[in-house]
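These are the structures, in structure tokens.
Two complexes follow with chain A in common, the first pairing it with chain B and the second with chain C.
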Partner chain A sequence: MRAAASLTLPRALHPGAWWLWALGLAAAASRTTNPVLLVLIIAVTGFVVTARRTDDPWAGAFSAFLKLSLVLIAIRVVLQALLSRSSQGVTVLFTLPEVPLPSWLAGVKLGGAVTAEAVLTATYAGLQLATILCCVGAANALASARRLLATVPGALYEAGVACVVALSFAPQLVTDARRIRQAHRLRGHSPRRLAGLRRTAMPVLEGALDRSIELAAAMDARGYGRTGNASPSSRRITTALVAGGLLSMCVGGYGLLDGSGAQLRGLPTLLLGTVLAGGGLAVGGRRTQRTRYRPDPWALPEWLVAGSGLSAAVALFATAATTPAVLTVPSPLALPAVPVAAVLGILVGLLPAVVAPPVPHRVGAVASRQPRTAQVSA
Partner chain B sequence: MTTLRETPPQRLRPLVPVRARAALTLAACSLMGLVAFGWPFFVTPGPALDTSHAADAPWLFALLLPLLAAVVVAELTSGGMDAKAVALLGVLAAVGAALRALGPGTAGIEPTFLVIVLGGRVFGRGFGFVLGAVTIFAGALVTGGVGPWLPFQMFAAGWVGFFAGALPQVRGRTEVWTVAVYGLVAGVAYGALMNLWFWPFAAYGPEVSYAPGDSLAANAHRYGVFYLTTSLGYDVPRGVFTMLLVLLLGPAVLAALRRAARRAAFDATPTFVPPPEQPWR
Partner chain C sequence: MIRFERVSVTYASAGKPALSDVTLDIDEGELVLVVGRTGSGKSTLLRTINGLVPHFSGGTLQGRVVVDGRDTRLFRPRDLADAVGFVGQDPLAGFVTDRVEDELAYGMESLSLPPQVMRKRVEETLDVLGLADLRQRALADLSGGQRQRVAIGSVLTMHPRVLVLDEPTSALDPQASEEVLATLQRLVHDLGLTVVIAEHRLERVVQYADRVVYLPGAGGRVVSGTPRDMMRVSELTPPVVELGLWAGWAPLPLSVREARRAAGGLRARLTENGSPRKPASDVGTACTRVEELVVSYSGVPALRGVDLVTRHGQVTALMGRNGAGKSSLLAAMVGLVPVSSGRVEVEGIAPNSVRPAELMRRVGLVPQEPADLLYADTVSGECEQADRDAGAASGSCRHLFSALAPGVPDEVHPRDLSEGQRLSLVLAVVMNSGPAQLLLDEPTRGLDYTAKRRLVTAIRALASTGHAIVLATHDVELVAEVADRVVVLADGEVVADGPTAEVVVASPAFAPQVAKVLAPGPWLTVADVVTAAGAAS
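Then we have the complex of A and B:
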């Protein structure tokens, strides 16, 4: 058995696998407003994140996304309570004082009776968005941004290199700013003035711009900008694919928006456009040729992780096709149903906590947090 | 004694030239991008997008936009960016991303806009678009904020950089004021656009939410109410803050960027002379 196919050998999983898993769960969440299923999906993502989190700076993203989604639900509930009308339910929880509003606000009502139905409807609708955000947050926490950038298609080579430069330089700039502020303090300047901002910002910017020229020289010396052997015909194919893709995307988008006649043709034309444009990106990538340093393997653990996320999506889509009633709450105050197939499908999403390779222990974990500018030009 | 003479104001060669092909791609992608932002206003009552699948429409566009952003950035940069332009793009994006990670983010105070607006102003339209998109992307990677909002932010920030590069060529105090007013407008417009993408999700109440199948005027009125009540308080401070930053730091930053451009000598075109014929070949 190849080492990459081992489930127990510590290594970083391919970031694409984590994103597919998370997008699968997010697609599952987009099919339902059943709070049981949504809370289950959040629990699954939270469990996997706790099991397979690294000590990278972005690993704290999940809790940030969780907080953001709680805030979103809270905002939604508060606004719904403030703006709701009694038409949304009869179970009055409490009554707020009503604020008179100008007439041009046409029927907006601030305050008044707050019903349990309105609050619960807002919570459930907010919960769906919150669940999708938690899935995305899990992918942010688990997938390494640097490794993700290594997989950008060749057509985006220049932009990808610029992103890697940005990721490597941003921590350096923070250190620069701290150093310059310290120097000002040693000279007796007070740091808390508007002019202090300018005195700190300008040296940081000048230093960064100077460094960009040094970096460009280093990149030139290492052979950056070597073009591949793209023939004129492949360039013409790229142009045709991109132009055709964009054209059919525009036509498809128009078909989707305009109801007259061509309704059904909208989505297929749009899909054809995305395929063509994606093909154009792939062919256009041939103009740069580059070798990859230690490419991430896509082996058995990646298939299992991606598959477990997709299984949740498949279970929910199948339930939506057969018994759509169990995926929604019939009335806000009713108890939600618990569809067994959907629950099992979501629980399969727990697999990555076991089948994803364990996180490698890094010996120099502190040292590697230092910005590594040398690898930019590699 | 020698006197330093001010070099006459001349246009810098755009680092990312917007040629015909790239311009057409940018126009088509921007059109689709506008539809992705404002589809509730464009949709005619009747099609499936408006009735049965209204809840899926925002996700459809959120999935479509990353591809569009990739296509437009690939097309803009395929014109042969040299190492200096890529390094400059990366470093400016790093400044923007660091500001994004450090910036308070509350009350819409977004110092990243300073970098995008001034970078687009000095280095041209195409560079401005790519700078806006790359800065937002790198900022999201640094802060772990990759989400469905990211492609929308990339497009909106790209437009902010693009139009900053398309401002009229004036110099001196007029330039700073032009860019400052543009920063005010861009800050407010960015907020209005970014609200628009989120609007179909924001079911805060029947009076401020998107109602599928309703007329354009009714929906526009509801968006106006939604905008006034939820986000104008964020957008106006963002615009004013950007304007004040440009007035305060603008002259120095513009001079620093132009100095970097002169040092990098983007205008210099290398000429290659074939070596003399070697007799032993």
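Then we have the complex of A and C:
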């Protein structure tokens, strides 16, 4: 057996596998508004993140996304309460003072009776979006964005590099802006003066421009772009194929996930897009002869992790095809059903907590790990 | 190895050439040091070696440059990547990836080397540069010296025959620059690499050079020769050479070791005289009081109980390695960082408690990046703004600036000024509001000897008019020139505080060259020695 296929040998999992797992769970969440299933998905992502996150700076992304989700649900509920109409239910929780609106806003009602049905419907709909956000947050916490970009095919290499550069420039801009605002204080300008914005923005942008020119020179001096000897026409073909392919993948994916009877049209569009984009990448990949240093392997653990996420999606899609009623709450006040097949499918998503290889201890980071572990257990 | 044949470079917008008629041969395995004032074309000369000039920068190149048999007119920088390794001034700005190991591999990926070769070369380079412990670290977390070594490593993995470095130690503290220079020494001696360096800090590198190329600038003829010969004619010389020239030693010493062996007679002759420095009791009244100051950034203390009193007419140098708390102390003295506990008072008021416009009349800070303070389009616009801010008479800032850097036209954009002129402009802007306490953070970064000499004169003049001055700096020669008192910080605490001679003479890291040559004597600069010798005779 290859070392990479071992489930216990510590190494970083291929970032693509984490994303497939997370997208699988997100797709599953998009099928249902059943709060039991949605909360289960959030619990699954949270458990796996806790089990397999590293001590890298981005590993805290999950809690940030979780907080964002809660805010999202709260906003949705508050808006619904303010704008709810009596047609949404009869169980009145409380009554807000109603604001009279002009006649041309006849369809809108501000304030008035707030019904339990309206609030619960809003909560469930908000919960669905929150779950999808948590899935994305889990992928962000588990997989390094840079490593994912490093795996893009040769044809997209330039775009990948641009993204990597942007990732390191963004924090630099924040640092620069802070430094320059401090400098304004030194010139005797109090903060929050209108002229301050222009005076901050200009030096920050100039600094960013200087840095990008310097970076471009450094990249040129280190051989960037040296093997790109494609003819303009082949480059155009690549661009057209990849762009068209990605576009139809988006349309197809939307059709598939939208679920309003367009699923049959969604699938072929998605497949066509995949073929187009694949063709474009193959054509473009031939021209760039770059080699890759220590690429992330794709072995058994990656298959298992990606598969576990997809199985959750498959379980939910199958349930949606056979017994769609259990995936929604028929009346907001009724207790939601617990469909066994869907629950089992989602629980398969827990697998990465065990089958993904353990996180490797970084050299020199052992000391800084100690407090963090203590924090997690406490 | 590298051959320049009648090379001239003219940039598109410039009237006169940046480099004119350079003919030069650099042999395999040489360590060549390029010296010259700011703006004399050092960077341009270095960038012609790998074709960045003119392929990347634009402009016109006449004549030709041949590197390892390849004419740079026909080869782009990327095609020369396997022959010339180029390391720019700011290593962080040239990093493409975020981890040490990936950065070392980046160039090889572009050269499409097979994965096994890359793996092997990365491991070898990690060992050669002593980076093995740092392989997984994020580049942003490295110290200056480590970054510079990673930048060198990232081009070494492509196995170039020539290594070109633009000011590799200018921004580093003395310890980190030792680290980088030791690495370069090893590459030249063990791997036979040809190395071309441009550097302002001659005292750090001249002793290692096999050859010195001197760019006089302003269309003058480029000359090259052995370091000893060149130091006799160059207008830029490190203190140890200056001392050797004054004392008439032959052969001319280039390193402290050589000078010390020649200095036996001089030491004996000078010993009868005491320190030429003014005694420590001759100081003014207190200006800024810092008591038990603690400053923390998100729970991590940068300063742990610092006490400091600055006095009118006294120049205090803050020294210590990067991260020792020098900048935090200066920032606290102008109220830029919140004080966790303890007290800061500038002329009786706490900097945090008053409006910026009020504070600038009491204390002024010239930050590490002086350009941050500037935002007008022209020098005159900047000066007028400073007059309005300070409520000063129109033209007073311009007057100050002209005194510091004469002959700069009104309509020049501040970004087009040389480093020295820009520092002078910022100094003029800061002094225009008349603060009694002046703080300078690393003022000599990127300054050549001439600009530094001008700065020394300006600091002395300010001190003699009763200003209290604090410099945070790594530049031991500057400290020897101007500081009356040295405060050494380590890990957020004051570890030494006393008259300059007392603190620096015995210190291996902070002693200036002259002090190292004449230790245990109290003389710190060539001027001190000249005065003492004059008194002796």
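Definition applied: the second predicted complex is superposed on the first by the 261 of 378 C-alpha atoms of A that agree within 3 Å, B and C clash if a C-alpha of one lies under 4 Å from a C-alpha of the other, contacts with A are read in each partner's own complex, and residues count from 1 in each chain.
Keep in mind that, in the parts below, contacts are C-beta pairs under 8 Å (C-beta built on N, C-alpha and C of every residue); 3 or more make two chains touch, one makes a residue touch a chain.
Small disclaimer: the values here were computed from a predicted structure and weren't measured.
Once chain A of one complex is fitted onto chain A of the other, the partner contacts of A:351 are absent, as it touches neither chain B nor chain C.
Of the two partner chains placed by superposition, chain B and chain C are both touched by A:202. Of the two partner chains placed around the shared chain by superposition, chain B is the only one that A:163 touches, whereas chain C remains out of contact. Of the two partner chains placed by the overlay, neither chain B nor chain C lies in contact with A:119. Shared-chain residue A:211: touches chain B and chain C both. Of the two partner chains placed around the shared chain by superposition, chain B is the only one that A:173 touches, whereas chain C remains out of contact. For chain A, the partner with contacts to more residues, out of chain B and chain C, is B. Of the two partner chains placed by the overlay, only chain B lies in contact with A:284; chain C stays clear of it. In the superposition on chain A, no contact is made by A:13 with either chain B or chain C. When the two complexes are overlaid on their common chain A, residue A:220 makes contact with chain B and with chain C alike. Once both structures are placed on chain A, chain A residues 161, 164-165, 168, 202, 206, 211, 215-217, 219-220, 224-225 are touched by chain B and, in the other complex, by chain C. Residues of chain A touching chain B in their complex: 30, 57-61, 64-65, 76, 79-80, 82-85, 105-109, 122, 125, 129, 132-133, 136-137, 139-141, 145, 148-149, 153, 155-156, 158-159, 161-174, 194, 197-198, 201-202, 204-206, 208-213, 215-217, 219-220, 224-225, 239, 242-243, 245-247, 249-250, 253, 256-260, 263, 266, 270, 274, 277-278, 280-281, 284, 287, 376.
Within the complex formed with chain A, the chain B residues making contact are 21, 24-25, 28-29, 31-32, 35, 39, 42-50, 56, 59, 64, 67-68, 70-71, 73-75, 77-78, 80-84, 86-98, 101-102, 130, 133-135, 137-138, 141-148, 201-208, 221, 225, 248-249, 252-253, 256-257, 259-260, 263-264. The residues of chain C lying in touch with chain A in their complex are 50, 52, 55-56, 76-82, 84, 86, 88, 90, 93-98, 101-102, 105-115, 118-119, 122, 133-137, 154-155, 158, 331, 334-336, 355-357, 359-360, 364-365, 367, 369, 371-373, 375, 386, 389-390, 415, 429-430, 433.
Across the complex, chain C is touched by residues 146, 150, 161, 164-165, 168, 179-180, 182-190, 199, 202-203, 206, 211, 214-227, 289-295, 362-365 of chain A.
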